[in-house]
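The structures come next, written out as structure tokens.
Note that chain A is present in both complexes that follow, paired respectively with chain B and with chain C.
Right, the complex of A and B next:
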């Protein structure tokens, strides 16, 4: 190919350099936050004068941090389950159905990915106020589900695209009812898509902050909201510790997903 | 009159303006191997899918042992099917694939183990229980699919071009296996294919589909010797068609005039044509004889080419007005040594062995 890496001999040092700079730009803030969370200075001085675990001790001894982490986990878990169930059904309909306005519906399902999140947040907030749901867990879940669902529809839809419907038909002739066939044959066959949908849905909710700020109440705060709220009052390394945990959990999930994908190819 | 085992009655299927199946009627006997043969788009697969219950006919009925199947959903019809594409469940082993219909029917572990073993033995894949479908060849996968479709002893087995994805050699091998399995199990099979050789090799009877209708149903020999339509004549066996003129027609036996003025008598003519109408005359390449000496009733042709094909020799020729005719001569035929390209020759044939179609 014309743009083959091998043929860009003269440009190669430049391209490698550019890639390194971009990677550093992406990774360094994360490394700094992690480093600062172990630093002894409460003014977030870099490099830290000495190393300590005391911010983590403060973090874990404060039940409000733990509570918001659990809230985050709970909401993300429920959003994940709903997102893959509804995502599977929606993808099935979009993939198999032949009805008017199918492409329009597909586009509609994906709009939360394109729409500015803050617009979505204001609109949802106004709606939930009217419905008397503002500040409830239900509102939180619905809001996060809205942004998680496109990920599910895309990844499960792609998996269904590569699945021959004849296989499901074969299961039906073998005696399985249509839903039995879908659950026992189609779902396992597209499990890689469902797994990807689960990871992305969880992360979409887990580290989401804009919608969360609008949906939160003094008693209902996810970890990103708690970090945000604390940050506005005072800049303490406890925030760095909380952020590090948030990031670590996210990285863990991404690694799991990568391992799963690798395992499938073997 | 006894009730036919399987009866397809005036099935019609339309999709909006398009008619996929116009009018299909046939009876199939228990244990029969019936093939639906036809080009793509002739309605043979649609008919099969209606039998499977994946499509509902616009009109008509299907009776199995006298009971209508149409109100029964696919999964309760207890019909077996092998598909054109590979449809083994990718996440299950071969053994679990074959066991699937029995698991759905909640059979006991012991019974399942025993019957899976028997079914895999039937398709000669003993010991493959633990294998994943992705690690098997196409032929093996279709044999597993066959075992899975037969394990619950369905009254009818549907096969939708199951060998079309395989190469020729493997296809013949599995055709042989299908024949053996049909004989061993005695299951009634409805088999869809567009390959006439496959249909002739496997079937008890063949239904030739064309444009949503059945042109003719019969054994391979019947279809070859007595084609009812121009289409059947062209689809089964090799064929030449030349134009002819009907001079008179008495009771289906016509007197024809061919190009070049030759007149032949006693040709079976189909679709009742009276005198003075033009027809197409079917001449089988292997039923023509060729002579280098002038014949009274022969057709005068010019030799185009002579091709040696192993056990026989194909001679392509053309008539005076440019119609091409191929002739199949047995190896060692006396005329071969004395003819060459551009020569004149005389073709003769038994009028009774030919057919004329309007």
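Right, the complex of A and C next:
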């Protein structure tokens, strides 16, 4: 009864009503920000008195915003590549290895994902200060790689679970070298896992705030750090414009991921 | 869990098939940039300014810092309770409603989850401010006479954090509720149980492990949250993660910063250990 949608009776309107409210609660703030980014009111009056593109003009004419967006893009791209390579190797080792402490090692690899990120941020900040690397691109890449890598290991590891290693062995028997077999047989076979790893790693770096706040210097900031610093001063609609671009980017990635999944089923 | 290495009957050795080599680059990264810096930070908490435990004595002995601990637990607890109360019915409906509709709701949940954290927090800062839409609407409807203060206080943090944590309760619960056989509930009804009894004595207990696991995860994640409490909370509801950041950034007190970080780390690890021990889905099978 309670688990039969058709026979919920009086409970059904309640559950549907609550779910609709929750959906609105989840979606409206996002729609609201997108709408305000085109509104003319400096004080974010809603509904806006008139519509304008001026906040986007401000955003795109300010070299600091552009530079921080490019910095974000560059760091996220490098982190994605490193995360896939290291993640593929680590997943391969964790998946096939029979060495001691394998499960403990898997847990160690995933720990940065579950720990409070502020602890990691403060610890890395101290280390980079001592190494003289604070405020450099390297510091950003290392910090973001630590939290991106677990996503790669999980995604690629799951894909490897479903891959029959004997196909790789067959390629080797047919004369391929072990690495040739891995690159030309295994990698294409787990490409969906690698694709997922790429998206998650990219987003992990692109959206990351806390580590970035500690790794940033006045001259080197990612987009989230720039938003954070601006937010602490005022709620200018320029942030709404920047947020809307980030949201559009997210939707684009989601659609890409959905299309990719659909393409695989066919 | 895959159990390998038992088939060949041989002893496990470190380099038996060279696969340890694949793990090495990642392991080096983790050791040098995760294990070592965290340990160094913890060392500093007992070495600076002088060797000893005075940082911990100060942290755990002063009422100022105790208030921060209290606040952290109050916010995390409140967010968890609200998320569970709202999330459970939604997950319940999602588990049984026709796929066509549940796919739409899931897309909305996932979209909000993937939206940049700062963009979402900014949205709530704007919505909840004194001249924001929520206050204006309530004023024009005549429900309130003067604007409510919804931001820079406990209300603001709770709304903003619940917004972020809700998907983490709903998504795992859907699977748990889907795995419950509807025939069990039909049986309960046939035996004379009314709706309330069916829920309280059959459905809820059967979904409790998934619910508890999700709730504990949300609680742990909330404990260590930094960005949203810093932007939506007031100075009087500072949370532990903010305290750690403040010690390091504004006060440049690495000893106290390290000590506060260790407290946060230990609480998190203990709660995770509880989660693994009691709610690990891999263990029971």
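In this section, the second predicted complex is superposed on the first by the 257 of 266 C-alpha atoms of A that agree within 3 Å, B and C clash if a C-alpha of one lies under 4 Å from a C-alpha of the other, contacts with A are read in each partner's own complex, and residues count from 1 in each chain.
Operating definition for what follows: a contact is a pair of C-beta atoms (placed from the backbone, for glycine too) under 8 Å apart; a residue touches a chain by one contact, two chains touch by 3 or more.
Note that this is a predicted model, so its numbers are computed, not measured.
S.K.: Pick one for A:185: touches chain B only (first), chain C only (second), both, or neither.
M.R.: first
S.K.: Which partner chains sit in contact with A:227 here, chain B, chain C, both or neither? Use first/second/both/neither.
M.R.: After superposition on chain A, A:227 lies in contact with chain C alone.
S.K.: Looking at the overlay, does A:243 come into contact with chain B only (first), chain C only (second), both, or neither?
M.R.: second
S.K.: Once chain A of both complexes is superposed, is A:27 in touch with chain B (first), chain C (second), both, or neither?
M.R.: second
S.K.: In this superposed model, does chain C or chain B come into contact with more residues of chain A?
M.R.: Looking at chain A, the partner in contact with more of its residues is C.
S.K.: Which residues, counting only chain B, touch chain A once they are in their complex?
M.R.: Touching chain A from chain B are residues 52, 54, 73-81, 83-91, 100-101, 104-105, 145, 148-149, 152.
S.K.: Under the stated contact criterion, what part of chain A meets chain B in this complex?
M.R.: 164, 166-167, 169-178, 180-181, 184-185, 188-189, 191
S.K.: Which residues, counting only chain A, touch chain C once they are in their complex?
M.R.: For chain A paired with chain C, touching residues are 1-5, 8, 11, 14-16, 18-19, 22-23, 25-27, 29-30, 32-33, 36, 43-46, 86-87, 89-90, 92-100, 103, 105, 108-109, 111-112, 114-127, 142-143, 145-146, 149, 153, 161, 203, 207, 209-210, 214, 224, 227-228, 231-232, 235, 239-240, 243-244, 246-247, 250-251, 253-254.
S.K.: Which positions of chain C touch chain A when the two form their complex?
M.R.: 1-2, 4-5, 8, 12-17, 19-27, 29-30, 33-38, 40-41, 44, 86, 89-90, 92-98, 105, 108-112, 114-127, 129, 131-133, 136, 163, 166, 177, 180, 182, 185-186, 189, 195, 198-199, 202-203, 220, 223-227, 231, 241, 244-245, 248-249, 254, 257-258, 261, 264-265, 268, 272
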